[in-house]
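What follows is subunit A paired twice: with subunit B in the first complex and subunit C in the second.
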Partner chain A sequence: MSLKPKPINFTEKWNNLQETVKGVITLDRVPRDAWNERFNDVYSMCVAFPEPLGDQLYDSTKLFLENHVLELLTIIQTGGTANLLQNYFSYWQKYSKGVKYLHSLYQYLNNQHIKKHKLSEAEVLYGNITPDSTEQMEVGELGLDVWKHNMIVPLKDSMLELLLDEFDKQRHNISMATSLDIISGVINSFVVVQEFRKKYPLELYQSYFEQPFLEQSSAYFKREAARLLQECTVSEYMIKVLQILKEEGIRSKKYLHDSTYNKLRERCRQHMVGDHLKILHGECEAMIKEERRDDMHNIYLLLREVKDGMNSLVDIFREHIKQHGIKVIESLKQEQIYIHFIEEVLAVHKKYKSMVIDVFDNDLCFSGALDKAFTVIINYKLVKNQPSKSPEYLSKYCDNLLKKSSKGMCEAEIDHKLLQSITIFKYVDDKDVFQRFYQRHLAKRLIHQQSQSMDGEEGMINKLKQACGYEFTNKLHRMFTDIRVSEGLNTKFHSEFLKSGDELSVNFSMYVLQTGAWPLGSLPVSSFAIPSQLIPCMQYFEEFYKEKFNGRKLTWLHHHCQGELKLNYLSKAYMVTMQTFQMAIMLVFEDHDTFKYTEIQELLQLNIEQFQKHINSLIECKLLLINGDNVSLNMAYFNKRTKLRITATLQKDTPQEIEQTVNSVEDDRKTYLQAAIVRIMKARKVLRHNQLVNEILSQSKSFAPSIALIKKSIETLIDKGYLERTPNSSDGYSYVA
Partner chain B sequence: GSDNCGSLRSSFTCTRLTNIRLNNFSVKSFHTRVQKLFDIYRDPVEDLILIDGIERLCCDLQMSPEEFRILILAWKCDAHQMCRFTRSEFFNGCQTLQVDSISLMKTKLSDVANDLNYNTEEFKSLYRFTFKFGLDNAVGQRILPVDTAIVLWKLVFNVHEPAILERWLNFLESQDNIRGIPKDTWNMFLNFAESVSNGDLSNYDDTEAWPSVFDDFVEYENDQANQNISDKGNGKKHGGVL
Partner chain C sequence: MSDQPESFMRIVIKEFLGVGNWRWSFTNDRICGICRVQFEICCPNCDNPEAQCPIAWGRCSHAFHLHCVLKWLDTEHANNKCPICRQNWELRVY
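Then we have the complex of A and B:
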């Protein structure tokens, strides 16, 4: 055969072609050579000489397909309503397949003749040209278009009715007359028939089927919601609705186009949840109070995707936690209250944390509510106008764990508890108060060597650093460094001293601590005549230190020191660890057994307060006896243990110390706020009151300053002349350079 | 041309000179009269009008030394310190008031007092002056002691007393932990009194830039009010039982 264009007798060729087309479209047997020949015919018609016959071919084919589909329509219609869906579906299956083959047969026409004239994709999508009916389509598309106009359009109403009826039956658990694949196949045909369109490919599906279907579903959901609410409790209702939601989801997946899934569930949620929010919300409080976990989970699932649905649930949840927490705090046992406080609050936290995870799928709204509630609980003021005790309790709790005395707990257990205390720490508003207490407790542990382990201490500081930043733990780190450096210093001192050939009368070690980093106060608490036994080693050390670090000033804080004293005058020898002042008192008795009370004080030159405190502690533990004015050694002292420590009573937190700690925080805050205000105002020059306050609030990480305190700081700065009120409005401040 | 110019210049100079001479004459006589007035009340030792002189001056003015119009005089003189006028202060005051006799001073002070009823800017200037005036400069005071402040508030609000004044002063008297009234608080009280001009504190907003002592005051007042309500409630109940 030749590819050269030649004159063609159209009628003759078309008659032949038509036969094959019929065979193809009805899926009849088409012999291979007939197919090949017709394929060539299509080509030769398109390139026919003198005039190409492509248009003619196209029109004839279109006409043929229209007639064919109309024939099928008649057959389907005469088949009766009962068989309509089934018949439609089986003819559709055949026809759609046939059209695909036909498309291949007309490949030349499609590629060379039609595609050239077609609008490009961009023109269809973005231009405002609408393809008109006269535009030629590729044959596959033509076939589908013909089906749409001549089959679907005439049948759409009766088919829709049948389809909706089927869904209705299914929803009411009545067995369906038509099988799944037929229904989904019919519905799918609405999609496929326009799938080739670039613009609005789902238009037919949506307008002929989806829209009426959604309307019908809405009506069903409304009816069902009304009925169920009449018949059952809210708990049961929620279960039913979840069931329906699930079923509708499955149904939609099975029968409908993917795009309908969300729309259908949205309708269901709207009519079964959104429309009845009042009733559902009405139940929230009771179910949370009674902690009906299943109900809570169900209502969460229902409300989470309804707009503004969850707010009140979240609020009620938060309030519930808050009340529970506050009730726990208010009824704590007073003895060792700090342990109860931390552990019981943690128990509450654990409980609701797990509830957030299990019941509310760890939803951010609910974990946020948990955090908010705990911020309130932990900073709750038991006594009005008095700061919350939680920073103090928390520090004591940690102190207790980090001290040597926390017996009976393995390291892992202690570590776990410390880690948990960080949970509480994160909620504490007055982090600076905690820092103060922690620093004091840490200082005591370090100086009196009471730490369980240095690793444990360091681990905890690192945890705090992670939670609150370097700035926060800076001082704590410096304390650690001091202890380390002092260890080295001790070794050096002793080795150098040995070289000198002298010998110390006592075993001596010291800590050199930086004034700023330790909460110790930089001055001795009392005058003190140092016992002669201790003088040489102090002098040696001072010389040694001056040589090493010229210009540094050493202050001896004897009230923080302790010593071990061996008592040889009793029936057996005792080793007693005591504070320096106590030791000095005992050393007075080196040569005499009895002294006058005032005599001892004069000898030691201690002030009355310190002297009383220390001598009383010695009398209390019966090392000394008091008889009127006379104090004497108790020669009959007896203790089962030979090693003992009488410093402990002096190391407890006194109420004054606690108050002092809190007050020093107050001063720090004022300084901090004033510095912050000056810094801000220096940068911003002029600010309105509220802006300034907000800026300060956002900058204060370690505590939540009260508005009153901020105002007072501003007033102080105005008074000092750093700021002034802006002349025209009294609501702003400007920086005075 | 140059001649013309010269004659013009000289004639101009001439007229100006006569004018100045005339002014000088009236100024001079005003000056001497005020100086004489000062000398009447002057302290025998120091060149100042002191308590004794002020009392005589007030007596001649037929006013009490604790009177609003005397405060106005001090304000017009921009007196540096209470109970004391320097010669230049007194002179400046008389010049601003345009008075050179006791009778003129008397009418002028009353006029100014009347004007202050309407002129809020002027009143503000007087009000701010009053704080400075009240400080004891001898000891370098920067904060007004509460009792002095109370007296001055009563005095300065002599003409139109703000609705809130009495309650405010009662509050100050009842508190013993207020260490004094700083300038800012003094100045802001005028704004505060204006903002609650009807005496109603319910719209007071403590998030605004008010000095914190006003917050305390409003809280105190609200506490009082609440107590009164509950007292009244109890009273009623009691009455019912009777």
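Then we have the complex of A and C:
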């Protein structure tokens, strides 16, 4: 057999070929040698001499296929409407398979003759050229195209009606007349006949089937919604709608093209949820108030994909938490209020946090609402125009946990509670106020050796650092450093002192602190005559320190010192830990049992305020007795324990201290704001008022500055000559270099 | 009184825990003129709060953290002048 082009008698060859084509397209038996021969015939016709006969072959094949499909159409149409889908499907199955084989038989024609003329993919997709109907297609495509024009187009209306009818039956739980694979097969044929198209391959499926189907579905959803809303409560309605949504999803997965899934559910959501938002929203408030978890979950599922559907639900949820939280805060027991405050607010938080997770699938909108609500709750001002107490309470709460006194709790429990307090901390607006309180409390714990454990303290500071950054805990770290350095210093002091051969009567140790790092006030609170028993060791230490650190001046802070006294005059010996001023008062009674009140004060040279405070504490605990002007030693003092501590009352926060703490924060804020403004203006040179305020707000992390305070700071800076108002605009500032 | 043996004394200090703070004795300025941080605290360039961060006191009587003033003197427009009074910067030895 030769591949050389030669003259061909077309009619003769075509008659042969036509037989085989018919066999192929009807899936009849085609002998292998016949197949091979026809394959060659296609080749020889395409390369025929003197003129190639490819076009003629193409046209004849097309005509043949058209006639074939028209024949099938007649058969199907005479089969009756009842069998229409069934017949269509079985002929389609056969035909589509046959076309595939035919495509192989015409391979030479496809590859050599047609491809040459075809538009490239890019031309179809991006060019303006629309392939006209006369353009030749590959034979496989031609076969499908013929089917489309001669089968689907004439049948489309009757098939559509049948198909929609089947879906309608299914939706109303009436058994279907046609089986699943026939329906999905028929629908799929709409997709397949155009799948080869580069542009809009789904066009036929969409216009012949999907569009009417969606319209029909919409009508169904609308009807159902109206019916259900009449018949049942909103809770039941939601359950039903979810069910329908689910069923429609499954249905579309089973029967339809993938692209329809979302469209169908979208329709369902639109008509069953979106169109009735008012009714659903109307129920939100009640269900959240009553915390009907199932309903909340259902409405969340329904609303989450409707545009703007969830907003009001989120708002109501936030408002509900807020109200609950504020109610809790307003009804707290006054005694140890800080513990109640933290623990009850935490309980509320825990409750709603778990609700967000369980009911709202931990949706960002709802956890955001939770956060917003808690920012309000925690910074809520119980008394108008007075700052929120929460920073103070929180610090006290931590103090209570970190102190030695928190007995009965294991370490893990304390740690857990501290970790939870960080949850609250994150919501606190006035973080700087908290910082001040925490610093004070930490200072007291460290100096008075009240910390449960240093590890615990450091752990907490690290937690704060994680939450708020290095700068925030910097000072706290310095305090730790001082304590550690002092410990080393004490060891050194004692070992040097041992060498000198002298002996100290008192077990002496010392904390030397950096002035700026501690919230203690750097000056002594009162003049003071140091008890003679203490003088030697204090002197020794001063000398030692002077020698070690040239250029440093040491100041004693007597009101922070403490010591242990041994009382030998009672029926048994007591060891009592007290503060220096208390010690000094006790030591006055070494030689006499009774003194005049004023006499003691003169002896000790304490100012009246400090003296009263300390002597009262001793009278209160019955170590001293007062009788008119006379103060005397209580010789009949008795206590079950022999080791006591009477510093507690003095270490409590006084209202003045609390006020002082809050005020010092105010000063810090002013300084901070001024520095921030200068920094911003130095970089920007000229800014409008609002821009400046926004920049400041975005920069300050440790507190939320009030607009009034910002304005004040700007005024101050204008007065100081750092800024000036820009002459030509009413609300601009410029930096004065 | 302290000569008496302890057993004869009615009230005895057994233990004392002193607290004091320190500051530099040679300057009245509390804070560094450059970084505005207290002298007792190291300058912002020292990451470690325990770092040794000495104080530099100029003949013009202005004081700074040594690190801060060295950084200043390194800049182009410093001209070896004190950043506060613009006199020649000379370290005072103490």
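By definition in this document, the second predicted complex is superposed on the first by the 735 of 737 C-alpha atoms of A that agree within 3 Å, B and C clash if a C-alpha of one lies under 4 Å from a C-alpha of the other, contacts with A are read in each partner's own complex, and residues count from 1 in each chain.
FYI, a residue touches a chain if its C-beta (ideal position, glycine included) is under 8 Å from a C-beta of that chain, and two chains touch if they have at least 3 such contacts.
As the structure is a computational prediction, the values presented were derived from the model and not from experiment.
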Which superposed partner A:V485 touches (first subunit B, second subunit C, both, neither): second
Which of subunit B and subunit C A:I321 touches, first, second, both or neither: neither
Partner chain(s) touched by A:I707 [first = subunit B, second = subunit C, both, neither]: first
Subunit B versus subunit C as contact partner of A:K566, first or second or both or neither: second
Contacts of A:V433 with subunit B and subunit C, given as first, second, both or neither: neither
Partner chain(s) touched by A:M355 [first = subunit B, second = subunit C, both, neither]: neither
Contacts of A:Y511 with subunit B and subunit C, given as first, second, both or neither: second
Partner chain in contact with A:L557 - subunit B first, subunit C second, else both or neither: second
Broader residue contact with subunit A after superposition on the shared chain, subunit B or subunit C: C
Of all residues in subunit A, those that touch subunit B in their complex: 688-690, 693, 707-708, 711-712, 714-715, 718-719, 725, 730-733
Of all residues in subunit A, those that touch subunit C in their complex: 447, 449, 474, 477-478, 481, 485, 505-518, 520, 522, 531-534, 536-538, 541, 545, 549, 551-557, 560-569, 575, 583, 586-587, 589-590
Residues on subunit B engaged by subunit A in the complex (per definition of touch): 142-143, 182-185, 187-188, 191, 206-212, 215
Residue ranges of subunit C in contact with subunit A within the complex: 1-2, 6-7, 9-26, 30, 37-38, 40-41, 49-50, 94
